[in-house]
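Here chain A shows up in two complexes: once beside chain B, once beside chain C.
Entry: the complex of A and B
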């Protein structure tokens, strides 16, 4: 009986290619499949479900009963004074907190970069605020501003200044929230920026000195351009973190007093889990998602530039 | 069999109650028991969103949760199962009624208390005053305390946005004027209080306390919650607070400055009475009854029932009194011994009898306008009676949604 050698068949290149495809590519696909399924389950599905809910009237207590309402949830936002106020507070908090964090973090990084005694210890110690759980930080701050026995009030009293429960004071509670964000994140900025500064070759500074550049010029023309990439990444990431932050506000003021610290995340939580308005909450979350997507695009482009 | 709770003591003391429950459960059921602990807010959120998975099989919580879980279809009626309990007839009627909705029993009570006026007997004695019965008397005595007694503030209540305790304190005063804030009317609910009364409650308990010319409270403590209220009293800062029975055994912990001083304050200088009421009101207060409930989606309902029957048994509840005395001062069952060991605290029994359980409406939408307007009044931004009118309008608008 005649036999045909497959290697001499005109189809053999295709068979070999198919075998290679199966053995290489599909193996690769098979390897990433579990991760893809998991990401789909914990990220893609909830996101799509949230987007879907934004167009329905649905109660947390009876999520199966959904009524399609089109864009009316978004229309409701336009006449919702608390939503507008929460959005404004969120934008303001993000802008102020991230700006202060960057400026103070930059200053701290410049200080830590210098070979001063104790800088190593301070570098380690300064990270404590960043690694503290949010609830611990809030408890510390609440204790600090307690009437009568809070250390901040004790100092103010000794100076003959006004004391009060500062988280309960309209006009002060919001700045305190900003301070908590700054206190928490400045060390992270400092460490990241310091690492970027350390990667700048010392020869560049020496060359600049030989050319007669002063410290300010060296900072302006050598340091700043070479930490700009890390700076942008840090800023974009913290814009996202701060815009989304829930625990600091919820645990310290609950959005009060008089709605002075209500931000998007706390208002969405209240709508969905306290008012049972899952659809309306989802629609506000979608607005947040769109705003955050814009920053994510910036972040991804910065990453791609690298 | 998975049981979620937030009630067993979580300190260094021997877990008498928890161990007794486990022993009793093992004697009755054979499904392995796993106990998970979460804060009440976490319990609520996880159960409302995940009960359909069948976990947990049994959950413990507060009365407002029971209402929400019923409306979400997550609770199994227990009427058929309770017939086998030889101790069922011993439950206090008001506590058991609080577990019922539309004729069905959705949980068993295991602890309860009524919110009372906790006052400093030594301060009142020093001023030659009797405990106040009316809001008018309360304000007069409170202002006298602020004027005459150094180092102590007359009163504190909770005004933090979103504070559950603030809502309960407000409801206590609502119950002095009406049996229920909402009553069934056909297939819907109807608001059962008038705008003027809501305004009067705002006036007596928020405007006069925080925003009036001579406030009863310390304006520095505006916007605070139970974290200032209870430890403040225990550390001798306040002459009056509104509180439940849990205060009795609270003499240690990070919030307590001086254990001995707090013990003396609670043992010798603290009195308990009905909350003062305003014009047209009478004795009444918020009844806190905590239920243990069965997940209607559980696939181990018999084992879940074993846990419920064991947890709410007099034997287990008596063990509860041993390591959590505050939970058993006003027992919800005839066969459970009261842990009241001091005659000054005995009025809690009478207060408990005047308690009213929350109506079975979803309370979330009611809380939001309350918090907003309560803060506006407390911060002096809105006239209390205008706030009462506004709240009445908003609560009326909610009738069809509840």
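Entry: the complex of A and C
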């Protein structure tokens, strides 16, 4: 306030501040604009169009011709057995794969955290499965279970057990899909959880030991509470990724054998790009979006916490 | 420990002592064995499939199709690599992959750095919503976007062009890249910005001369994620690429398989070559990635 009396015009500091604010804000918008435009055009606009398509009947062969059909696409789902089983498989796959990934990731994190010779190598080598292209992972697993010359079947034959192309066996194909999800993501959980564990001060464990706590109690009362935030993020994120995942199933079994591994994303892809039923595909994708919305809200809340 | 090593010769003792010093105080031999046992089990599960693929690619076709697990020395050969690397179409796909992944990474880093700087250092209405909506785009089901996305690219005449694929991949990488870079930018004290401003630096000078050099690890990690996102992508390329001119390696691997027959020795070799750039790049940035994950959340993810 004192400056007001000294300066020639009482408002000039505020004018200068206002100018600075406007130019700063302008520059701020300008710099974020390219990203916003690209995301708006390639993600937000197609999403809104996709939601719109869900209420129309459209063929991929003639996408200009759209017929408004109201909620009839959603009605069609109720009587579509493949849709129901795809939805069930997606939920089951997500629940089983994410639980296994978390538990196995936690185990690996506990081992990686230990200060043993070679720990650095183990830590860096473990992420390899996570950076591989999905198609390469699928090729590896399909090779492993080839009849006659696939390593898994060679071992089974030596043990005198049944051999077959296991991706083609109902009842085995689905567990194999789970195994691939686990194989791919366990290291990622492990590294994130290990990092969270390492940030816990060693003094807390020493204090617990002095108070007579065993390793299990230390894990339960010191480690678990302090990795819960990272755990939540990992779980919510992978629920979303697994639920939406397309390539692992599409490239390995294509949804077979006999629809045993059909998930939402592969069924939608087939409806839209093989049956040309864009509207019906979009309406099922909208169902996926709605189901995932809850998890997204939780995730965004977690990230926005700081 | 001391009583153990006293029974050994002096050179042995120094080795054991060195090993001992390496271990932390509370690491008992029993615990050590336990840790190695657990790690071995995990790594057998995680690395054996990849390791076995690598082994098979260096063996003859006869061995691959035989019911044997372990090759003899006579089975070893580099013939598969020569065949794959001399396949013209494969070379073309490799070049496409490199061009598309490098362009995607460059575009994403430029757009992402600008956006991250803006979101980290500027105050403007809507800042927080932009940040959170970037995050939310990562959660949308790709199959929902895919249908209108295809129609959009078709009407923009971007089907079967490098540009179309680069834009599609960049859009996939920008939200994560921006979020990640913002995390690194936030860690740089704003007092540095203020000091530079005193010296007459503009906002863009500050970005280019202070923020970017100090966030090189973050830029490396963001660049790596974008690169593998583009390099590994199958779905978008399978939709946007109609001819061999724009086909990338993951989609191009079908070159070695037809409806009924798969040339496994060539397919596995081509798959191995496909992962080499990813693994090499990963080796360079893995320490930053592990470090970034330590701070939790999206930073380093």
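The working rule: the second predicted complex is superposed on the first by the 285 of 306 C-alpha atoms of A that agree within 3 Å, B and C clash if a C-alpha of one lies under 4 Å from a C-alpha of the other, contacts with A are read in each partner's own complex, and residues count from 1 in each chain.
The criterion applied here is as follows: a residue touches a chain if its C-beta (ideal position, glycine included) is under 8 Å from a C-beta of that chain, and two chains touch if they have at least 3 such contacts.
Quantities reported herein were computed from a predicted structural model and do not represent experimental measurements.
After superposition onto chain A, partners chain B and chain C are found to clash with each other. By the document's definition of touching, of the two partners only chain C reaches A:127; chain B does not. Legend: residue contacts after superposition of the two complexes on their common chain; A:106 is shown touching neither chain B nor chain C. One of chain B and chain C touches more residues of chain A, and that partner is C.
Touch criterion not met for A:248: it reaches neither chain B nor chain C. Of the two partner chains placed by superposition, A:176 touches none, neither chain B nor chain C.
Shared-chain residue A:164: touches chain B; no touch with chain C. Looking at the shared chain after the overlay, A:97 reaches neither chain B nor chain C.
By the touch criterion defined above, A:222 lies against neither chain B nor chain C after alignment on the C-alpha atoms of chain A.
Contact with both chain B and chain C is seen for A:148 once the two complexes are overlaid on the shared chain.
In the superposition on chain A, contact is made by A:270 with chain B only, not with chain C. With chain A as the common frame, the single stretch of chain B that clashes into chain C is 254-262; none of the other options in 92-100, 128-136, 200-208 or 254-262 do. Comparing which residues of chain A touch chain B with which touch chain C, the overlap comprises 60, 146, 148, 273. Chain A meets chain B in the complex at residues 60-62, 142, 146-148, 163-165, 167-170, 173, 253-259, 270, 273-276. In the complex of the two chains, the chain A residues touching chain C come out as 24-25, 27-32, 34-36, 38-39, 41-47, 49-51, 53, 60, 63, 104, 107-108, 110-112, 114-117, 122-129, 131-136, 139-141, 143-144, 146, 148-149, 151, 154-155, 157, 183, 186-187, 191-192, 195-196, 198-199, 229-230, 233, 237, 240, 243-244, 246-247, 251, 264-265, 268-269, 272-273, 278, 281-282, 285-286, 288-289, 292, 295-296, 299-300, 302-304, 306. Touching chain A in their complex are the following residues of chain B: 45, 48-49, 68, 71-73, 159-163, 218-224, 227-228, 237, 362, 364-365, 367-368, 371-372, 375-376, 379, 381. Chain C meets chain A in the complex at residues 19, 22-24, 27, 31-32, 35-36, 38-39, 42-43, 45-47, 49-50, 52-53, 56, 64-69, 111-112, 114-115, 117-119, 121-124, 127-128, 130, 132, 134-149, 151-152, 167-168, 170-171, 174-175, 178, 203, 228, 231-232, 234-235, 239, 249-251, 253, 264, 267-268, 271, 274-275, 278-279, 282-283, 286-287, 289-291, 293-298, 301.
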